[in-house]
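Both complexes below contain subunit A, partnered by subunit B and then by subunit C.
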Partner chain A sequence: MRTLKNCWNSWRRLFGDPIRAFGITSVLLLIALAIAPAKDHFSEWRHYQHGYLKLIQSRRDAPVLERHFQAGIHQIWLPKLGVVDRCETCHVGLTETSLGDVRMEPYSRHPAIPHSMQQFGCVVCHRGQGAATTVAAAHDSTLAPNEPILPARYDEAACGQCHHADLEGTPTLNQGRELLARYGCVRCHTIKLPDGSAMQPTDAPPPLTHIADKTTREWIYAWLKDPASYAASATMPNFLLSDQEARDISAFLMANSVPKPGDTASLKATSATNADPAAGASLYGESFCASCHAMQNAAGNLVGGDLGPELTAVGTKVKPEWLTAWLRDPRNYDAGTAMPHYRFTDAQLGLLSGFLESKTNSDLLANVHLDPATPEQIAHGKQLVEVYGCAACHAIRGVPKPDNYGPDLSRVGSKPLAQLVFTAGMPRTLPTYLSNKIEHPRIFGPGLHMPQFTFTPAQVDALTTALLSLTDRSYTLPAKMQIAAVGQSSYTPAGKAGELMTDLNCMACHRINGHGGDMAPDLSWEGSAVQRQWLDAFLKNPNTLRPALIRRMPRFNLTDQERTELTNYIMTVYQNPKIDRDAMPQSGYSAEMVEHGRQLFYGKYACQSCHIVDPVQDRGYIGPTLTDVGSRLNAEWIYLWLKNPQQLRPGTIEPNRGMSDDDARALTAFLTMQKGAGSRKSGAGVASLRTSGTKGVGQ
Partner chain B sequence: MKRKACLITSSIVGTLAVLAACGCARAHKTPTVPHSTAAGSALQVSSGDRQLGSAGAPLPQPLVMQVNDDQGNGVTGALVQFSGPAGVKFDPSEALSDSSGQVTTSVTLGNTAGRYELTAVTYNKTGRALSVQVPELAAGYQEELGYQVQRKYCSRCHDPESTPEQVSNHDNLAVAPHSFDQGNTYNKLSDADLMAIIGHGGPAMNLSALMPPYDKTLTKADIQAVIAYIRLVSDPPYQAPGVVYAKP
Partner chain C sequence: MQSRISTNLERLRASRLWNSIFRSGSGTSTLHRSMAIQQNVFLHILPTKVRRRMLNFDATWYLGTLTLGTFLVLVITGILLMFYYHPSVPQAYFDMKDLRYVVSSGLFLRNLHRWSAHAMVLLAFAHLFRVFYRGAYRPPREFNWVVGIILLLVTLLLSYTGYLLPWDQLAFWAITVGSNISSAVPFVGQKIHFLLLGGNLVNANALLRFYVLHCVILPLAAVMLIAVHFWRIRKDGGLYVQQSEPVAQCAEETAGPATTEETAEEVMAKP
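Our next item is the complex of A and B:
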């Protein structure tokens, strides 16, 4: 009652008198009218623009910066890309090159990139809500839930939306894509690119159809329980199986295996027990097994390549009879293997398998004791194999390859958060979800089957970056902006020589016509480059061309007939149609020309910094040794190579010197004279090709 | 007069009380601050300085600091605090040294490329701060590209360190090339000078002919990227020339 009275009194005091009432109403109206301009005046972006002006005041180039500065809201509008970006309103100094030392946000300069901001805007790369004019609405996951700013560590994901081929400046993205293909991710998850192609796996999981020929049930059990306990570098993930599950799967795989004729061989010449371990080790080294296979050395470091499986404890895994048969002809067991078919003699087979059998890990199977499998266990094992999708990677008899075993990841980089399950306390952002899913796949609930991989934090970041690049935006951007991935061609060499090359797996290391590995030189134009005699001798006994390389061509012990066949094929088929092999003479250059070439070699072009012509004096280790280049390479090839190396082999590191025709000719004359020891000092035109062709080989 | 003194005293006491209360409150709010149980007399970097990381990403290796006493033995339980420019994150940002006197932290650099001067601080027995500056390098797109390009084309000669995967040619050359972190050499050269040397070879600037020209092999953007990389790793750090104005 009393309050009511009080209210009435104050009302009368304020509005009782009409003039006073008019005055007060006017003041209230004025305040109401002032709200909008005041809100604008005190807006966040104005505050940041004031801050910028204060920041540049004390700088030496303040006049220039002030002249560039324009107050107000700035906007980049690109209708074709769906971009309305007002980021530059607060990020005022993005294009000021002189602000390189400014670390304070939002004033830092944008780092140099190959694209212009005016052409691409900001959100195409960084995400966020470009049209917003407050910090929270532009960046944060609370106000921009599906497009919050992408953390800087995943920046390279932005490049991957258009660049589906590897870029030199995005190592993290490249690594992530390589891991997706190499760790079998794309065998369970489909990843389609905007052009309709799908990402292809690059790993080669072995078929399990004849697994009982190769190994024991105990080893399968230990491997299933923890692949890393057998080999630290294993690419097979851990399915976190219970003892019972591992027991039943191993029972099923053994029972399901069918023996294959020729998969086992008895050791004849030298048995594993009496083989000379040193001789076995040196044969392992001579055959360059380490180019593809790694082994732990005494210090515990892995040494070797990663094309084939790690061999640190291979003796605990494989049966000796299988190993001998495998080394004799790997394609009998697995027709799709990358392992070359070395033509080892029986004595060599004994040595090598003896050496490999001695590489054991006695702890691995020490506690594995399995009772004979029951039919129920085998049936349960088959169920488990289907549940865990083993057949997505491995060929298993009677189990079809599951289609789309895991969720499709083609647009996972734009996955709405509403479709994701987060664990308690996990920040609700897509990058956090993805990186956690990769690191701990099973924490998101029971019944999940994604296995546990052992990735380093850098690898997790790389994989997350690659996944974040798979966005809706890459489908909506104009198609002409898309740069397609460079896939492998379907080239396979034809005929009998082609069969031989498949048998030797040449293309595991060499690339030919867009198909094959990148460990060794591209052979697409090898027939135009080399001389027949040299090639024949090289195939017989591959000598060292680049002394600084640790991965070298192994000796396959080819028969004379096989060698001739291969040489003929390479010399005939792998020709560059634009190269006329006879355009430059192989010999007969004048002494003055050779001397001029020598001076160019050591003087103007300083080739000795990377190449060796005189083994006593020259010390360059980068390029191939040139002591016998005159009997190795064709003169026209040398000439064209000097003129433009990248044209003959894209990506080669020898710089294009922009040589004049005369210089290139003189250098070619000098180089064709280099025919190995003894003939180096010989005069012009003396050493003919046929007599000195094989002299340089084998040094 | 007496009253004034009384007032001053009471105000001082009051201020102290407020400060003490604040201090206590702060200490109660963050109970995770470790209490130093020992004090070292020297602080130095054990490993992890001058790393090249990506902007906004954790450095590949952790930063390890070493706290020693006068005799050069490791001190256990000394507090080391890390700080850096805006955007740099440490995990943890302060910690006590372990039994060998080491403190390990993982560092995430800021979102902008460039050189970051981090600071590690510990306190000696008298409470004096011992601080060490730790430089770390963040590569942006251009520096990253430069790193990749130089690794393919340049480092075989310019990097004296040999690994089995990449044997260095540095010591085989009659005129030894300068390693890219030699700021005293590279900082004297302007971007245009470096562009000329890389593009047209050593003789373009009266330097060794062993340095070949790359203008027909690399694009201009590639060469600029290599220069950006050289500027980033240079030690002492490179100072870009500011805008030069004509004198009035």
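Our next item is the complex of A and C:
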């Protein structure tokens, strides 16, 4: 009460008289007006600019840096990109090359990048609020809620907004994109790219239409419960099914399967039982099954390729009759399989299937005991198959492929936080949400169907990076900034040879005219590159050209007729229109020229660092062996290759040495003389000269 | 010292230049003083003479004057803000950001404008309640009461139209909700809604319309009405001070007789 009275008294004293009230109010207004410029003067960015001046003061390069420094707010304004970035106001030394040793933020130098900052600004890559001139408003998730600064480990996401093709400098992004395609993410989630194309899966989930021919219900049950228990490298995720759900789905799949004639084959009992395990293993090796399939070795490490399924315990999975039929002609069971059609003899089939049947895991099915399925279980199983979206990946009879089973992820990198659910204690940022969702898909609430994958932390980061690159900005950027992914063409070889190539599935490994795999060399211009005799001999018995490679081309046991067909087709059709095969002679070069080429090879260009010409001395294991390159490659191809390898095969690691015409010609002369061990023995004058000369150099 | 200043002042007021501007001439007589008010375009809407009591804080709590003060602040800061603002969809929001982050004292300017707007609405309402509870709306001031009510509406419309201009989510949805209310009017609701927004959605046209309303039409209307409002104070017998009212009008409130302080001179000076 008393304080109230005091207040009232002082109020009267101050404002009781109108003139005094006017004066006091005016003073208050003046103070208020003075606060504004004062606040402006003590702003954060001025503080950082003072700090910068202090930092450079004691440096040796201070005069230069001080000359570059201009006080005030700086900005990069790019109207076409919608960018107003004032980051440089505090990050003063971004473009100062001499500040490489400064680690203190915000003064460190920007690492070298292929783009100019003046052309792209900062937030296009790093996100954050470019217009802001205070630390919190520019970076933090609380004050820049839509676009907080992107944590550095996802930086490559920025590149992916324009570069839809893989880049050399973005391994994480490339890996993330590969995982999205390889683990079938894009089968449930649509990912459209700005050019209108959609990301395509690269996995090959098998059709389940004839599954009962292939395996047992017990195996399906065990697989559904935990795919990784059967194969550590399984790409099928774990749907965290209950025992009852796995039981019903397996019941439905078995009941839904229709037998197909030719899916099972019985061999003469003798061939399988008499099989020598060592012979089976060596046939497995000779056929280069390991180029595509992996197996766990005794030490528990996976050895082999990842194009086909892991075979560590395949004997527990498949029925022997099915396996034999599959090895005889895989396309009968699955017309779209990547497995080539080997021409195995019955004896070989017996050896190989016997070897594979011996690869078992006795623990897997030990505790699986299923009673015969009831109709209710089968019906419930079908329901579950629809609920879990199995048909998004697998062809299942009577269950249509669901459209957009999962949410569209085309612009997930710009998803507003308001549309996301977070669990308690999770930082409210998009990268945290994405990485948590990938790692633990079901923690965000009940009723979620996304399965559990087993990704390593590095893979989770890669996937998050790839998803963060799918931003709204990538759609609004000018079209000329978009660098489209190199998609697969729809090329298929024609005619009888084309049929043969489809049957052998050449394109699973080789790329031809923009279609096919990248495991083996591109064959688009193979007809211009190689000699007919060599190709014919190679198809008969493929040997390796690169000593360091584990993956080899398998032998398909082609008939003479098939081989001739294939050779003719390749030599005739796969020609580069700009290469005249006869422009350089295949032989008849002068001894001086060859010798000059030899000197260039070992001296000026040091080709022996990567290639082998003399198997005794040379130690180059990176490039193909050249001991018989003279009987393998066409002379004109060698010449053009030496002049500019990237032009003939974009992306090859062979460097362009900028050779003069004379050097290239001399090297071509030298290389065409390399006709393998046979020709060397025949004692051609030039060859013996070369051999002795090499020895001379060696000694 | 003082005398020298007053001598100089006197000399100035006698000069030809001064007389060409201020026709009332020099002198301190009542006539001269009332002429000084009457013959000035800015001052003539005010009473030529007021009682000292009318100027006391207790008499009015200065609510009307304070409302005018906030209005003046709003006009000045508003004009300064207009230098930095484009009423266009791609620019508007980023102009806010520029004001916040790079314009010198831009944040102060915006905040002053915003808080003054809130204060003006508050003060206008306080003024209304004060007038109402003191009974100052009664004849002969009933017309000025109506003008005041219209001014309150103009104030609220100014506040509402200004809300859209930052072009952020709050603005967008506030105007979406607000304009949808207008479409609830029977029969012509949709038409009013369309007219208000220049379309069916809050978009570029709505932004432009609200900008023109906020910066041109409504301020002009406010200035005109404020002029009328002040003029009517003079015409309706000056500021309302209870004790100075004729007996007939304040009989119910005060038992005592009308004040005797009113001199013949003052009555004469009344317009």
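As a working rule, the second predicted complex is superposed on the first by the 643 of 699 C-alpha atoms of A that agree within 3 Å, B and C clash if a C-alpha of one lies under 4 Å from a C-alpha of the other, contacts with A are read in each partner's own complex, and residues count from 1 in each chain.
One rule holds for everything that comes next: contacts are C-beta pairs under 8 Å (C-beta built on N, C-alpha and C of every residue); 3 or more make two chains touch, one makes a residue touch a chain.
Everything numeric here is computed off the predicted structure, so don't read it as measured data.
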| item | value |
| --- | --- |
| Partner chain in contact with A:Phe455 - subunit B first, subunit C second, else both or neither | neither |
| Partner chain(s) touched by A:Phe444 [first = subunit B, second = subunit C, both, neither] | neither |
| First, second, both or neither for A:Ser108, with subunit B first and subunit C second | first |
| First, second, both or neither for A:Ile622, with subunit B first and subunit C second | first |
| Which of subunit B and subunit C A:Arg153 touches, first, second, both or neither | first |
| Which of subunit B and subunit C A:Phe69 touches, first, second, both or neither | neither |
| Superposition-derived comparison: subunit B or subunit C, residues of subunit A touched | B |
| Partner chain(s) touched by A:Ile653 [first = subunit B, second = subunit C, both, neither] | first |
| Residues of subunit A contacting subunit B in one complex and subunit C in the other | none |
| Partner subunit A, residues of subunit B touching it in the complex | 54-58, 60, 85-87, 108, 110-114, 140-145, 148-149, 152-153, 156-157, 164-165, 167, 169, 172-173, 208-210, 212-217, 221, 224-225, 228, 240, 242-243 |
| Contact footprint of subunit A on subunit C as seen in their complex | 55-57, 94, 97-98, 100-102, 104-105, 107-108 |
| Residues of subunit A that touch subunit C when the two form their complex | 15-16, 18, 21, 35-37, 39-40, 73, 75, 84, 86, 129, 131-134, 137 |
| Subunit B-touching residues of subunit A, taken from the complex the two chains share | 60-61, 64, 98, 100-101, 103-105, 108-109, 111-114, 151-153, 155, 168-172, 457-458, 461, 548, 550, 603-606, 609-610, 619-622, 644, 646, 653, 655-658 |
